[in-house]
């Protein structure tokens, strides 16, 4: 189960960072969706290492192959198997970490849990595993677009203490892709890039916050109780490497408000029920209410740094370790397509679930704004 | 699926706040565990409404009945069915909300999704649904205790802008139960209680933060990729009513650090591999590393207030609504046992999953700290 | 997982034969379905012990209580909790089996698997567990009826060597309920009843075959590969107590045919694609083809008999055991509603799954008989 | 879900018969199992087309590639991705079936369900899909062997009306592989081969029965109620292409017995509890009892024949179709490794599930033969 995500739109990712390749099987994709490799490649290129001077210099072209599930340019409704071969693997870079645990990496916990680990580049714990997520996310985005123009945009909201000023209701993909920091606030983006450059030169790393908005989400996605839409989004985000926190709508800041200021008043906008404020973040009682879904994800400073650190070897003996070779001084710019992908996967799954629920007789007349 | 949580230790809750009752079926509980109603009742009493002057005055004794799965004082390994009957239901309190949507409640989204709703007290969206979670959590706690003294303590860390000073490494259940605010910082607790009292008199409500620590968690719980332990904890917490945020270890504050200060150095403590700091919050790569698991959950101000608010009726027409009757001015004190329960359910499920993984041949000698 | 059946229309049964009661939680039921206790009670009465002289004389009225999920006579889309209290439990009947394993019962395997067992009446292995299935099946039948008149009829096809002559295309529920053998062939039914009576007097038991037909099933239910409709039906049937075999369409007899006689030729019946024969049993490639779904289930002779048998005690020592008290000389008549219920649960689940699949764009014009 | 099998040892197959290839992702495999491609290839070679004159002459070498989850010759505990490229695809062979539905194939139901289909060779409905099952089954067999010498042997028990005489308690893999019919009864095998040859020459096809025995299965595998071991085996078998029936132990023939002759008396064999007869087929109450698990699977005559048949085109118009090119006159010999694979996958999954169940405290002393 560990490598599968979703109930109806299900993806199963596979692959180690330095094995034969990485990939994903997408099961439960509806039939007759126009799909080609280019649509998927576009998203993979946004995730790709070496895409700019502020990301790791590992050279991977990440060419996706569609192995099944697509016939004459359309999905068959059968499993879609996508594969990306690994190219630029440098085992020698990992000779030292074969015998030493990198601080705040998964080396130790994997070894302890399994009694074995792929010591070359982190295996499944590598950000490379997200190739499969981003590839599948491209398909999910296509479904959501066709299902009513559901539109997902994520961007770098904060790097270290630099906080960008962005309007979630209007921000576009072009705004995000306008600079290598993927921060739509150009002035702040410039400062972020300089800050990341400095960290890289210093052999250190930085964390930050990605904000994501989903617009045109129909009313009714999400389930009561355990599979609340925000609960599945929280799981999706915390499943990303380096994620440390998730908040939706008012989030942690909402704690400083009172019910009378935090509640979102309902009003009728030409027959559509809307809310005047959106502290709920587009979800109430676990179910989308038609307002934009807005949340933020905190990412820790990358664990791989080029400074000497205290650690132990696999025998438990004290030693030190200094990272070398290629590293990502700040994961945030590449985290943006990952956050978008996990959001798309979560929404596509709930969109399909909603079809089964609403399939029964038409809602009673009393159902204001009913599906 | 919506009402089921867990992969191996699975609970399915049922019940509306004003129907025949609420309950839970626990499937996958190991056999031969000593279990009686009193063990479960203790936890339910901590969640019960009307337990103090700062909680809702709804009178429910919440007596639990064990209907199956326990024989001669021990679990059978078969489904354990637990039921609590509803007593103090006052339909007349809800005549107005039958036709008006309460702001920031689930009335509108349920109606839109299902075309029908139980308008008496919020149905499944009511905090009353958590009776089943807390009851099942009591069983999970028992398993975790027997599995090696795994110990879970949650407490109110913050109410509005009042932040308590608590040491997660030493705090005990007694410290938490010492006052009705469930805040181990007595001085701060007194201020919290006064603040909540004031909000209640004002017909308004407050939010806050619950912090939770799990100690003596063995190394190796959690799965790579999607079912990371922190991801399942995040889902568990965001599935609680009124939850708006989750952060583990350094969380959102970690963004302000750099990799060289945020990484947790490993050292050997008499043969056991430990970390000098715990910004990771006890989980690395989705797998527990043996350090205390520490996280925080943000809860919004309760949506039910006694002030007049703008809203619409079920026909979509503008109107106003003033809450009346009983309300919880601050959900935090009662949220503490809910957070503990969801934590216990998540850890018990992963503890059982780990048994299957580690069941195969003994780990290789190289596995420092291996299972 | 063991006690849950279904992917979208999910039921979880609970309860031991001599505990507080038995029940089921139905999750995933569509909203706005008219439902009352009488609809469910009708099916339970067909399963009830003591309903005729050829069934066990245990007296249970099996009154069902709807505890949740139904509001003002309609389903809410939330979990429906159904409970039946146990009444006529006679622990003293089981003093001997507390220490001796009944041949071909689950006493030994449960004890070996769990290290504990409810020795009073077989616990979960008792046919009493099927109360929850039959109750949930009544809801599934309602959904299927509303979904297009899908009609399920099961009947006793064979008892010992007595084989009935029944036309699956025309048999009705009334034909089945016309006699206590639940065999629509009146003449054969009389012989079956006499045969069962003789077995009861002799303290022995008989097995037989239940045949089931589902009519008006739309084209397209079922999934390729593992969740083929016949695969899920086979699992559903073999999960019933005493079931030993399942065959669909031509089944084991089809082995004696050749492809040229076994293939079902397609033809067009006023625009509808039909097959001239139905050796496929209404399913091709795991997916319903619109023809009647026809299958048979073999049930072994009831394990409980009143003759002395060789066995061992819980210590493994040789001993003998003679069943006493009440027993079911032939499970077939009561198995009929169980087979119908499991069929309804399987079809309702796949009907809901099909909604999600077909929810996407309209099928291409080329799709003859497309959804 | 449709393409995933198993709860803990989960496989997800992908691939159409004439697409880029076919494969499987195995998730939940325990770590540290010695595994190489040769172990998997051995099983694939038994399933391979063109392996003998009585199977289809399609030429596929079916070379397996291990893409992930194996490191330095051992499993990592992470997903194992296996791929086999398609080689001998001849689209021109399928020009006619692009516009005509083959009787008793999945062409029509796939088109009706999805509104699109891969008309080249049946896509997912092709026996080629089982490549992934057989490859994963080889891993499952390895686990079962290491878990206590669990040994699975399947063989052709019947072809048309030719029934072999085989002793399930002693039959070996070598006996099965001794002839191309995979029937350990050499004399009967010769007749089967001649019969299949005749059918091929006649452009017709034959069905038959595969019998399978699993020996050294520990007591305690399987779950009560829905996930009974025989229920999961029944689903596994009916999910195979062309399967029409399943029976375990006495099966349909048991109907002709009475309880007093059908019950399996217990006795103590030097401290081990055994049964004198095994009409139960090694499973009681859904749980293995330590006796050999024995079951049979009926396969229909292959649908592809070279005779002219009545059918309709995709527009629903009457037409005729004569199969051409390569076909399998009798699927039985190649079905043997498929049945073994599905049996291994089912047992490995339940073996892992059992670890979690029994992980808790030692069984009570009273547990005769307890785990």
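Per-chain numbering from 1; labels A, B, C and D assigned in written order.
Going forward, a contact is a pair of C-beta atoms (placed from the backbone, for glycine too) under 8 Å apart; a residue touches a chain by one contact, two chains touch by 3 or more.
In this text, all values refer to a predicted model and were calculated from it rather than measured experimentally.
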item	value
Chain B omitted: connectivity of the other chains	one piece
Of all other chains, the one whose Cα centre sits farthest from chain B	D
Chain centre separation (chain A, chain C; CA means) in Å	44
Rounded Å distance between chain A and chain B, as computed from the means of their C-alpha atoms	25
Whole-Å gap separating chain B and chain C, where each centre is the average of the chain's CA atoms	38
Chain A: positions in contact with at least two other chains	1-4, 8, 13, 28, 31-32, 77-78, 113-116, 124, 224, 357, 363-364
Residues of chain C that touch chain B when the two form their complex	1-4, 8, 10, 12-16, 19-23, 25, 27-28, 31-32, 65-69, 71, 74, 76-81, 83, 113-118, 123-124
Residues on chain D engaged by chain C in the complex (per definition of touch)	1-5, 7, 13, 101, 103-106, 108-116, 124-125, 129, 158, 160-161, 199, 204-209, 219-220, 222-228, 230-239, 243-252, 254-260, 262-268, 271, 273, 275-276, 279-281, 283-289, 298-305, 307, 309-318, 354, 357-358, 362-364, 366-371
Residue numbers on chain D that touch chain B, as the complex places them	8, 28, 30-33, 77-78, 143, 146, 224, 352-353, 355-357, 359-361, 363-364
